[in-house]
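Each in structure tokens, the structures are laid out below.
Below, chain A partners chain B and then partners chain C, in two separate complexes.
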Partner chain A sequence: MKLLDSTDSGNNSSIERTQYPYVTGTSVIGIKYKDGILMAADMGASYGSTLRYKSVERVKPVGKHSLIGASGEISDFQEILRSLDELILYDNMWDDGNSLGPKEVHNYLTRMMYNRRNKFDPLWNSLVLGGVKNGQKYLGMVSMIGVHFEDNHVATGFGNHLARPILRDEWHENLTFEDGVKLLEKCMRVLLYRDRSAVNKLQIAKITEEGVTVSQPYSLKTFWNFNAFQNPTAGAEGSW
Partner chain B sequence: MDPSVGDLNSPHSMGTTIIGVTYNGGVVLGADSRTSTGVYVANRASDKITQLTDNVYVLQIRKLSLIMCATFSINTRPRIQLGQPATVKVAANLVRLLSYNNKSMLQTGLIIGGWDKYEGGKIYGVPLGGTILEQPFAIGGSGSTYLYGFFDQEWKEGMTKDEAEKLVVKAVSLAIARDGASGGVVRTVIINSDGVTRNFYPGDSLLLWHEELEPQNSLLDILSSSSSEPMVS
Partner chain C sequence: MTKQQANWSPYDNNGGTCVAIAGADYCVIAADTRMSTGYSILTRDYSKICKLADKCVMASSGFQADVKALQKVLSARHLIYQHQHNKQMSCPAMGQLLSNTLYYKRFFPYYSFNVLGGLDNEGKGCVYTYDAVGSYERVGYSSQGSGATLITPFLDNQLKSPSPLLLPAKDAVTPLSETEAIDLVKTCFASATERDIYTGDKLEIVVLNADGICREYMELRKD
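Right, the complex of A and B next:
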């Protein structure tokens, strides 16, 4: 059995089967707002049920016009970032005044994910791609099997089940930055309570026509002082 | 959409952290409060400390939804036969019998702790299979794997009540920091000659560990307070 090293261009020798994820990140949430896109993700990477790494940046800028957020296997995300870096480099080398916008990057990612899926060797990630170019806001998602779409608000993993219902209710066109941040924090707090792979340290990134900014890491306050939490089994000994 | 989300139909399992510690005069029992079904946290404030008798409490790791309904039989049997509340040893052994005789059906690890006037504070561990072991302290649950080294270093004989409780809260909080299956609040029960005290330590009152940050109300507060250090690009 030949060992694959850095001189191999992808896997061409053996038939690879679907792998298992080892170090994984949980949900990413993205929303469109008045001036562009806001994206939030916590900084945790779990190793099975252990919360192993707590300072992993899962939202990164891509070129001048896009932001990418990833959940799933972190090594695959790092590989994707390397490919995107190469893509942007080649784009710059043309030196023609054009630059790849979020729509183009999203398409590139979709092709990459779908092609790997067809070879039964997926990149085990769900990606959120957002950006602004020439005043046009764009927000899309690609899953590990190549399912891709665009929307006003997207989420990966548990965010789909817990955050999107909140966003469906409370998102509207022309959210201000403050309202957008508050909305994302509301969703992240619910995920913190209810997703066991969530970690209380997050970053919120924003992209507008002017450029990308990623916030410093910070933690959210949580609330535990409901009366019902104090003595939940008072009338029902043995229950939980 | 995401195959990695997991099966929300999996049985209620209690990945958990449970700890029982003896001190000079009684015992302190502690647990986290998270119940998860797969990756979803079904209950973030559950109470894993169950009362067996007035002076004996049990901590359970419930792997399957077969809950030990031992509380009734254990409370009534010794009272009827002896006319006084059970000792910790008797209660622990009754619980163990249930665990041992139903080995194939029940899959649970337990820590039984209490105080009686004959032996004082005692902790009994009843792991899978139904073994019974008297221990000065016991830890269990998925979160306990992160605490073996901690207890090897920190455990001391003859602690005071406050030292023991602080140790338990610190330990559960360390486990919560690293075990995805443990979380929420830390509940403790102190049992001694004066009776039983229940305490509640919410998530935000626990110490911060490595790579954890002070909680904030919102990013907006950070941005407005430190306007010299805005978002980094």
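Right, the complex of A and C next:
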């Protein structure tokens, strides 16, 4: 998007800068489990307050050893995927039996995000990067200004506020696959109830030493008939 | 046309506190391991301490992406120094390099509040304290970060620093023993954790002396 900066003196040079995100994805959650990493994200992409796209894959494999999940501007995510594609391609072209692991990919993403922030033209994403290489599990996060860290469980956006507390309480070392999925679904359900940009169609991706599996899209069961929601104005007629 | 305002900030404060105390033949550098953003905790297990050279350790708090970039730059420069001079950088030399590196970005600063700790060329403990744009000073002890306002007055009281106005200049390093200094640091952080929301989870303590480097941890309140 070309913006004429008010500081340029009338000639048609324009400075392209990211000011706002347009099409955005909401939270991504990632956890380490016994055999590797589990990552969940819904398939929605909002255009402001409109839930515009409902089949967007926000979790993608990267090379042999990693998974990337993104929230924020979808077009920037697509740009990142192209850069990662190129990165993996050049890595494969060495044909030396070595391949980039999740730690390396995370570092590459951090440098990319930080450098764009330095140019005041950020990629408007929060990224979750997880993977397994040589039995070592790795799970990390990068924000749009380059803040990065690794942990046993990570979440972006609303997930930080709603899912992380659940994970802090219930995550433990050596979760089985079934328990991991149940834990992620519990977090995704809370997000579905409380995040207005969440949609009820999600994918859970798994990465282990053997490889990547991204589940088919599915929905969570929800319950809206809580007593407190029935007759909400009982006792205070006239309010809503 | 009205000037466009930025609606995102290139900076964030990820919180945390760092402390360093210089002794006669040792140096204690400590920092908590909490990383926050706004009112959320991102992770409870994040090291703010970086070993730059054999006798030089830096602890930094502030904006984590800038801290990491700064550590990277200094480590890379140290490697080049080693290739060129076939020796490790001394702590005073690294002190100057850090100052210059920070000032280099005077007009888009590294939002990083640093304390540098180590042993000088005579083996005495030395601590350098910095602001975000590189102004620095050698001191006997220092604290930076979100809990600094709580810790510094306490250290002033306990370590009875001589006035820098005295002539001849009196040595600022503390006469305390290594164990006493470590204990003091633990007390500082336990107190700061009580009142500063950005300080807590775990304390990482690094001790540099003639025998080398050693590291220990202490649990802090997680609320």
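As a convention for this text, the second predicted complex is superposed on the first by the 221 of 240 C-alpha atoms of A that agree within 3 Å, B and C clash if a C-alpha of one lies under 4 Å from a C-alpha of the other, contacts with A are read in each partner's own complex, and residues count from 1 in each chain.
Just so it is clear, a residue touches a chain if its C-beta (ideal position, glycine included) is under 8 Å from a C-beta of that chain, and two chains touch if they have at least 3 such contacts.
Every value quoted in this text rests on a predicted model; they were computed, and no experiment measured them.
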item	value
Which of chain B and chain C A:Gly72 touches, first, second, both or neither	first
Partner chain in contact with A:Tyr193 - chain B first, chain C second, else both or neither	first
Comparing the two partners chain B and chain C, which touches a greater set of residues in chain A	B
Touching partner for A:Phe120 - first (chain B), second (chain C), both, neither	second
Which superposed partner A:Ser55 touches (first chain B, second chain C, both, neither)	first
First, second, both or neither for A:Lys64, with chain B first and chain C second	neither
Which of chain B and chain C A:Asn231 touches, first, second, both or neither	first
Touched partner set for A:Asp151, first chain B, second chain C, both or neither	second
Contacts of A:Glu178 with chain B and chain C, given as first, second, both or neither	first
First, second, both or neither for A:Asn160, with chain B first and chain C second	both
Contact residues of chain A, present in both the chain B and the chain C interface	143-144, 147, 160-161
Sites on chain B touched by chain A in the complex	1-5, 14-15, 33-36, 39-41, 43-48, 50-51, 62, 67, 69, 71, 142, 146, 177-181, 183-185, 198, 200, 202-204, 210-220, 222-223, 229-233
Touching residues (chain side chain A, partner chain C) in the complex	3-6, 18-20, 110, 114, 117-118, 120, 122, 141, 143-151, 160-161, 164
Contact footprint of chain B on chain A as seen in their complex	21, 24, 46, 49-52, 54-55, 61, 71-72, 124, 126, 143-144, 147, 156-158, 160-161, 178, 181-182, 185, 193-197, 200-201, 204, 206, 211-226, 228-233, 237-240
Residue numbers on chain C that touch chain A, as the complex places them	1-4, 6-12, 14, 35, 37, 40-43, 45-46, 63-65, 68-69, 108
